[in-house]
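Down below is the structure, laid out as structure tokens.
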Amino acid sequence: MKKTDLLTPIGIFIGLTAMLMAVFTNTAGDGQLTDFIQITSILIVLGGLSAAIMINFSLTDLKLLPKVIKETFQTRTHNLQDLIDTFVDLSTKARREGLLALEAGLEDVEDPFIEKGVLLAVDGIEPDVIKDIMMAEVVAMEERHRKGRVILEKAAEYAPAWGMIGTLVGLVLMLQNLNDPSTLGPNMAVALLTTLYGSLLANLVFSPMSHKLMLSTEDEVFVKQIIIEGVIGVQSGQNPKVLQEKLSAFLPNHTKQDEEAKQSEEEVVNE
Amino acid sequence: MKKTDLLTPIGIFIGLTAMLMAVFTNTAGDGQLTDFIQITSILIVLGGLSAAIMINFSLTDLKLLPKVIKETFQTRTHNLQDLIDTFVDLSTKARREGLLALEAGLEDVEDPFIEKGVLLAVDGIEPDVIKDIMMAEVVAMEERHRKGRVILEKAAEYAPAWGMIGTLVGLVLMLQNLNDPSTLGPNMAVALLTTLYGSLLANLVFSPMSHKLMLSTEDEVFVKQIIIEGVIGVQSGQNPKVLQEKLSAFLPNHTKQDEEAKQSEEEVVNE
Amino acid sequence: MKKTDLLTPIGIFIGLTAMLMAVFTNTAGDGQLTDFIQITSILIVLGGLSAAIMINFSLTDLKLLPKVIKETFQTRTHNLQDLIDTFVDLSTKARREGLLALEAGLEDVEDPFIEKGVLLAVDGIEPDVIKDIMMAEVVAMEERHRKGRVILEKAAEYAPAWGMIGTLVGLVLMLQNLNDPSTLGPNMAVALLTTLYGSLLANLVFSPMSHKLMLSTEDEVFVKQIIIEGVIGVQSGQNPKVLQEKLSAFLPNHTKQDEEAKQSEEEVVNE
Amino acid sequence: MKKTDLLTPIGIFIGLTAMLMAVFTNTAGDGQLTDFIQITSILIVLGGLSAAIMINFSLTDLKLLPKVIKETFQTRTHNLQDLIDTFVDLSTKARREGLLALEAGLEDVEDPFIEKGVLLAVDGIEPDVIKDIMMAEVVAMEERHRKGRVILEKAAEYAPAWGMIGTLVGLVLMLQNLNDPSTLGPNMAVALLTTLYGSLLANLVFSPMSHKLMLSTEDEVFVKQIIIEGVIGVQSGQNPKVLQEKLSAFLPNHTKQDEEAKQSEEEVVNE
Amino acid sequence: MKKTDLLTPIGIFIGLTAMLMAVFTNTAGDGQLTDFIQITSILIVLGGLSAAIMINFSLTDLKLLPKVIKETFQTRTHNLQDLIDTFVDLSTKARREGLLALEAGLEDVEDPFIEKGVLLAVDGIEPDVIKDIMMAEVVAMEERHRKGRVILEKAAEYAPAWGMIGTLVGLVLMLQNLNDPSTLGPNMAVALLTTLYGSLLANLVFSPMSHKLMLSTEDEVFVKQIIIEGVIGVQSGQNPKVLQEKLSAFLPNHTKQDEEAKQSEEEVVNE
């Protein structure tokens, strides 16, 4: 289930607030926000970054970007115990009434990946082929996510580099015009701003976002692997108790304890 | 199908434009383009970079360079759905009329890799050998692309290093001749220019280009793997519907939905 | 067995003491501790670091943090020789009295992982399935530990980056207000403090802690792999002497010599 | 076939020429070559580098160094088409006259690795064992090359580090003796020279050379793998045409087209 | 056979000598050794480094350190040809007199790993189990060495980081006390000393030592793999000539030629 992930906007807000407070409470001078906003510096960092990204990726890849950024503001929750229960139920039903009976009960299953797997099993396709088809889908999903993520990863790489390029441009200009020493400080400050912009983009936006996407892809692959194990178990007519044991091994410990409590109740019911 | 990829020249144009605008709108002084063009600095960065690349690679490898650079200005589009349809058709035909019948229909197939695979199947060579031969070709292609790409990767590594070497040369000369303080600034500016050149070459040209090539190689390997799966499926007389299911698992989701709509129509036609 | 690991608090204490002594014995001036405490700098490093971490991880992951930090103050000791003896005993018993007899003796076994494995064996589940179930649990544990550890790893990455961002903010402010040269030094000192804070957090806290967790996970995985080997050996009715030889191969040399001495005694007893 | 590789000396010459031209055309001052030669700096970079390398490697490894450096001035050319033709001929002969007949024709074969493989086949050793023996030799060669190469890789790592150490020594000495401001510039220039030396050694010599060796090892492994495939194909009595198809898959595309032209002629001759 | 490796102490001596000569021959000023010895700087680098290492590792790991350091002053020489001869002899004997006869000849074998392998073979344990047991021992050894080596690797990582922390502390103190400009130089020199110490420790001691240990572990694993191949060959009654061919494939080329000369003599003797 997808939910809006408030952590991302809150994190960006906290990061910018920390910056602002640092500006206003700094002892070095009367910090003014305008000292930190410099159109030329923004232009060179964003322009150079966009240029590098455009050369780096194809149009097809870049079209993934809005979806990828949206994804970083969302979180997915997976109820693994429900998932395991679903497969234990399917397995019990399949052993009592046969694989074909599973088709009828699929309306209750929300996840299209489970549905697809069970339908393949009902169609009588061999376990190896089912596993191949389902794994190919997981690999394709992983690949798709990776492609979008790599754009952010590369942005996190190019942003500080272009920040430094901007600072070099500023320094060269400053050093060529040393006539008025009073402008030395402000000019150097402006030159340093591009490095600051590049670092901020990399360490507040691109790098954390790209890593968040990696973690959420890992989570999804993990869930899909449990589903594949479950579908194969159901089709091969595995004992529901063994299947439960096998799938529960994937769960973190604390969930397992709840599940063991529940399982002992179920054993009363099932036997 | 190869197409000119406008993103690469547009990206380079945007990167240079951002640089120019930064020079002209900078508050540090009257930016002049000539301040940023310095023959000595260009000489040491390009000379050192070429030297390192020449030592690093053999002549055979370096001859790949023009082709490699040309490739970064091109993009390849693959219609995966068409590809899958081709194999479903071939598979249907092979089951009805036998593998030998496939040879006749090969004129419609444009891709020489598909043609080769089908011809091997028609020749009655075993699936494992076909897979070995076709995979060897994919690996050889990957290797060939990698060799060309590595030249750009190494250039992205050596360019900033030689930029720094040039700056060190400039600093040493400047520090040895401190008699006239008025030349200090401009001399230091000139010294910094080599670092700027090295960074620009790495972050606007070599690094994005080498990564673009990696992505396009990945795409091509991906397409060729679908083709291998398809050829093996056709030869082993796999059910066209199962083959379609298997190959469709490689597609991204949105394409899959279109394909499912299409598939339901086809089921009416085929049965 | 978990024990408090005094090395972590002692290490932090030594690190801070070295810092303090460096401050007080430094020849550069009358070092004062207050010169090194700067609210603004602390604010920007901790604020920025928290911001990056919040964007990087989901709430579920971040909830692991207190447990993860607590773990770095603990150490686990494993008596591998005892572990091997346990399996030799179980194996001897299984060969004499049958696998079912093992259930009775399980009260003496403290480790729930051994207990689970033996119970699976007693239940008559096949060796391959047992190995799959137990390995899935090890992989899930490894994954869980990794998730917590990655938070510290990322913190070690973001801390110096935000230290540098804070220094850049300080430098920009300082350079914009060069009117009073006497404030130049102290303002630059304050600007450098954020870099110092970031480096200290990374090199005294986050990096060593995250690596300690990796080592302790490796240790635990190693012990659990010996247990899996042992359970499979017991179930497949392997000769106790061969099993001992097999498991002892995992031990470091010096332990092995003690074990050989012990083994020769046992051979007298066993035969 | 080994040939002198002129690219390496030409590359070093170009790199040094670029340096010299940068010195003489620099606008910063009257560049003099003597400004860039500093015995103390050379001493600390070379001394420290040698020290680190001596600690890093054993005497056995270091004895590989002269051979390794010599290798970077050589290039090997492989005629892959000739290689494939050799195996097609051997295969045709083996099928007509039996494996034993191959021993007679081995005089024409120059490559000792092919000779060894064919002799093993003639001796009637099983294909798996032949493959094991030949692969072990390839792995041993790869390992041997890697050992030599790692010395250059480590040198590329230590050279800039010792350059920086030398600069730090120079800076400390300079800062301790600030009495005469007129020496500040030249002394700092001298201090920077060690960094320059370290960077030059790494980016003009060690890093490109070590990478060149890696590429040439990869080439040799590639050729040896084709040979192993060929020997196994000959021994197992594979159809010469299939063998040709299999080995040709390793070739780059353009060579393949020539070979296809040639193959069609051969088909006339062979059938 | 272990021998004292003089290269390590000689290397450290050369490194320090290069440093000293750089100090005394430097043109920047009257270099004095006392300018480079600064208790505060030593304290913060060693203190911080120890602190990070203590947090990073458990007491069990740290106890490996003295043994690990001692190992870097030792070198092991392996006579691979002797090793192969041993197995050819054992193989010949086993084929003539049976596996049991091998036990008698084991007194001549010095290597306990060979002895163990042969004893397992004599005990009639299956080849797969022998391979498992012996490989487990190799993996355990590799793991043990790795654990010790990682301490040095981490030290090489933390040393420059703490050097920089010390320099930051020095710079902050210096900048807070700018009243007397004459102390600026010496104070900055002292601040830079910690960076120098950290770099020296990393690039003269920790990094080369940890890499030397990795190379020596690789060597040992390599020898043990030949032994495992040999034991399996002896047990499975492989032809001594084939076994020799198989094991010789691991040798470097030049040794192989000597061995071929020797082999032809042996063939006269053996047949």
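Note that the chains are named A, B, C, D and E in the order they appear, and that numbering of residues resets to 1 at the start of each chain.
Simple rule for what comes next: a contact is a pair of C-beta atoms (placed from the backbone, for glycine too) under 8 Å apart; a residue touches a chain by one contact, two chains touch by 3 or more.
This structure is a prediction, so every number in the text was calculated from the model and none was measured.
Enquirer: Based on which chains touch which, give the shortest step count from subunit B to subunit C.
Expert: Each step joins two touching chains, and the minimum needed here is 2.
Enquirer: If subunit A and subunit E share one sequence, what is the angle of the rotation that overlays their CA atoms, in steps of 5 degrees?
Expert: A turn of 145 degrees brings the C-alpha atoms of subunit A onto subunit E.
Enquirer: Distance between subunit A and subunit C based on Cα centroids, please, to the nearest Å.
Expert: 25
Enquirer: Could you give the separation in Å between the centres of subunit B and subunit E, each centre being the mean of its C-alpha atoms?
Expert: Taking the mean C-alpha position of each chain, the two centres sit 41 Å apart.
Enquirer: Hunt down the residues of subunit C that sit against at least two other chains at once, touch-wise.
Expert: 186 - these are the residues of subunit C that touch more than one other chain.
Enquirer: Circling the ring from subunit D via subunit E, which chains come up in turn?
Expert: Sequence of chains in the ring starting at subunit D, next subunit E: D, E, C, A, B.
Enquirer: Give every residue of subunit D touching subunit E within the complex, in rising order.
Expert: 38-41, 43-44, 46-48, 50-62, 120, 125, 129, 132-134, 136-137, 139-141, 143-144, 147, 150, 154, 157-158, 161-162, 164-166, 168-178, 183, 186-187, 190-191
Enquirer: Under the stated contact criterion, what part of subunit C meets subunit E in this complex?
Expert: 5, 7-8, 10-15, 17-19, 21-23, 25-31, 35-36, 72, 75, 77, 182, 184-186, 188-189, 192-193, 195-196, 199-200, 202-205, 207-209, 211-212, 215-216, 222, 242, 245-246, 249-253
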